[in-house]
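Structure first, commentary second.
Labels run A, B and C following the written order; every chain starts at residue 1.
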Amino acid sequence: MLEVSGITQIFGGVTALDSVSFKLAKGDITGVIGPNGAGKTTLFNIISGIYHQTAGTVYLEGKDVTGFPPERLARLSMVRTFQNIELFGGMTVLENVMVGMHTKSTSGLLACSFKAPWSISEERRIRQGALKWLDFTGITDLADQKAGNLPFGKGRLLEIARALAVEPRIILMDEPAAGLNSQETLALAALIKRIRDMDITVVLVEHDMELVMDICDRIVVLNLGKKLAEGTPQQIQESPEVIAAYLGDDD
Amino acid sequence: MEFNQILQYTLSGLSTGAIYALIGIGFSIIYNATGIINFAQGEFVMLGGLLTLSSLQLLKLPLWAAIPVSVAISTVVGVIFERLAIRPLRQPTPINLVIITIGGSILIRGLAMLVWGKDTHAIPPFSGDTPIAIGGATILPQHLWILAITLVIIVFNKFYFYHTISGKAMRACAYNRRAAGLVGIDVKRMVLFSFIISAAMGAVAGIIVAPLTMTAYDVGVMLGLKGFCAAIIGGMSSGISTVIGGLLLGVLESLGAGLISSGYKDAISFIILLLILFIRPQGLFGKADSERV
Amino acid sequence: MKKDLLLFSAFTLLVAAAPQLFKGGYLMNVLVFVGINTMLAVALNLLLGYAGQISLGHAGFFGLGAYLSGIMTTTYSIGPWLAMPIAAIVVGIIACLIGFPVLKLKGHYLAMATLGLGIIIFIVFNETVDLTGGPSGLSGIPNLKIAGVTFDSDVKNYYLIWFFTLAVMLFSLNLANSRVGRALRAVHDSEIAAQVLGVNARILKVQVFTLSAIISSIAGSLYAHTMTFISPASFGFNFSIELLTMVVIGGLGSIFGSFLGAALLTLLPEFLRAVNDYDIIIYGALLMVMVMFMPGGLVRGIPALYRKIFGQRKGTGNA
């Protein structure tokens, strides 16, 4: 599904990533973990087209997508969420998710402004679709609230609903459990499993080890920019290198 | 094209360029300390000239006293502006900052119009107006004053920013405000200082050029914009890059006006501005900065 | 959206009835300008309020429309109704070409670039004397005619201009509440998140910029035919600032706000005839006060103020 090969990223004098390579299978939930500063978010930013890597390639479903901008990747059914949720604060919750359906709709500027008949029916379809995703994440009751007013946990759910509206085949989540309490984290775990059940490949960067060990099928461990280990949760938990890397680190 | 002509244009271009450099450095200092482009920068230039005029005519002060007085008053205006307009801003988004500094510049300009009217005024040159011959060109003593004072200010700036605690503190703010705050630098005070220095520099620029170009309530607009061009060419540095930017701009403008067409003189600066913003927004000498592109 | 349409219908009725209420007279002339300024303010608002891109040179597009129409209909005797779309297309192409490099810039840099652009256009108007008549202006521009009716009086021009203005307002309302409008607002709130969801921010910004320029150009053409005389002074930096003030005072991202701002800034100088020279101080002060105390503009600030004074009322208060 997703393959990164030899990804290297050098910022000024700092090597953030050093020849990282791994493959992800379709339909898996994969966790990317590592101590702070390991390069996890940098890796995500490169995969999702936000940074230009110094070297290496990214393959999506066998296709070389290295350096593709994020909007192009969305049309290839890859989407991501952000660590500090990037909601469209000025719009309502429903409108946020409706933006998620941008790639599933086509009405252009003129069609929208002149209220062409096909744009009206498309608008109805977008609205219905967005409501469906709000339902899936359980926040339908918040549909008309301003997104900027949401409590953090609900905002997270909104961001996920919005990303799902793209109908991606792969979703990258950057620390989705950050800032959630234990109850919300359990709900998140269930949600991610339901996402996987829809045949969507999930990749997460996470620090919450319980969550990672609970739901991930495979785990990739990064440390100081290099791939340290790769395997099932069981294998990772027993790997001496991983234990050594985390020793002295808090979670 | 006669060599003498080119020399003439170049020399006068250098002196206008020096003015642009001073104004540009003013922009850069505030920008580096606060991230704000102070659209009102040109108005300090205007105030320098007009306040000197009043000091000379109304207060009957001699020139050597009039200049510090007008610089001081301009600086006070700068402080008031920072306190009233910039500091209390609740939502400092780029749009709001742009609008508030534009509003401020219009307000200051309008008040100047009330006080001094719409006429242009002349200030006597510092040491007479006997032309001096250089090569086949002539310059006025005021040109030399401009270049000399600009040099002094640049040297002073270098000293201040690199060899005094407060100067280094301001540079720290420019690199990383959060970190600067964490090591105990009073960032708000640095912001204030940056306005003080820029207002003072702007006023001086206005004073030294006024004997050549006359002064009026609206000279700040164009001078400010061209000073901004100089700052952009120099990559928003408060040092030698902006000076080069200013000099380059002044010379190109002067040559263009003299050799091509004088009506389009102002357009030359803005075309250069657009070209730089399009092709190399980090300035001729700067490193690429992802925030601007 | 329903609320907007209701408001718009009420507004249309008001506009249609106004000439009866004011029985012609000088106010009619002013209301023609309110119409033109509203059109311009809405155009700028689409770019500034919805897409979040600063432009300080919009007077330039207004002027280009006016001069292109003016020159085509006088020097080249092209019919006004043909000249107007030609001008709009030319301005649209210019905006599109300039838009690509310019809109790569952000914040202050974009503001300065558009400022520089507007000034360059202004200088060109002043210097190409053979074409434009230079600072003395261009006169003899014909009035518009439809089916034998010549639009040469204030009342007739009022209906003509406001027809276009209302059309532009409706067009913009439709756009704001649509897929493209949402994408625009998304780009404004978080460009990176919008891109991740598939919105091509770059192309969208250029599209809005071009649309905004085309509307301004049409306003310019209409202005030229209404005034029959134009000069560069109306299309300089000062007017760009006036437009910005109208949008900010009315409320960024609010179409009706643009009308409020335009109306206020067009009518105010008329009532403050005595303080005409001081209008520039008032603009400056207004800009600063609005940004400091009512950043959402009058359209949001007044209801909020009302609620503060008279206590909470139900409703979400958003236009």
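Rule of thumb we're sticking to: a residue touches a chain if its C-beta (ideal position, glycine included) is under 8 Å from a C-beta of that chain, and two chains touch if they have at least 3 such contacts.
Please read these numbers as outputs of a predicted model, since none were measured by experiment.
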{"item": "Starting at chain A, fewest touch steps before arriving at chain B", "value": "2"}
{"item": "Pair joined by the larger number of C-beta contacts - A-C, B-C", "value": "B-C"}
{"item": "Chain whose mean Cα position lies farthest from chain B", "value": "A"}
{"item": "Interchain centroid distance [CA atoms averaged], chain A/chain B, Å", "value": "48"}
{"item": "Chain A-chain C separation of Cα centroids, rounded to whole Å", "value": "41"}
{"item": "Cα-centroid distance, chain B relative to chain C, in whole angstrom", "value": "32"}
{"item": "Complex contacts: residues of chain A adjacent to chain C", "value": "48, 50, 69-71, 73-75, 79-80, 82, 86-91, 95, 98-100, 102-103, 105, 107-109, 112-115, 119, 122-123, 126, 144, 162-163, 165-166"}
{"item": "Chain C residues touching chain B - in the complex, by the definition given at the top", "value": "48, 52, 54, 56, 101-102, 104-109, 111-113, 115-117, 119-120, 123-124, 126-127, 237, 241, 244, 248, 252, 277-278, 280-288, 291-292, 295"}
{"item": "Chain C partner contacts - residues on chain B that touch it in the complex", "value": "36-37, 85, 88-91, 94-100, 102-111, 113-114, 221, 225, 228, 232, 261, 263-264, 266-267, 270-271, 273-274, 277-278, 281, 291-293"}
{"item": "In the complex, chain C residues that touch chain A", "value": "171-172, 174-175, 178-183, 185-186, 188-190, 192-201, 207-208, 211, 253, 316"}
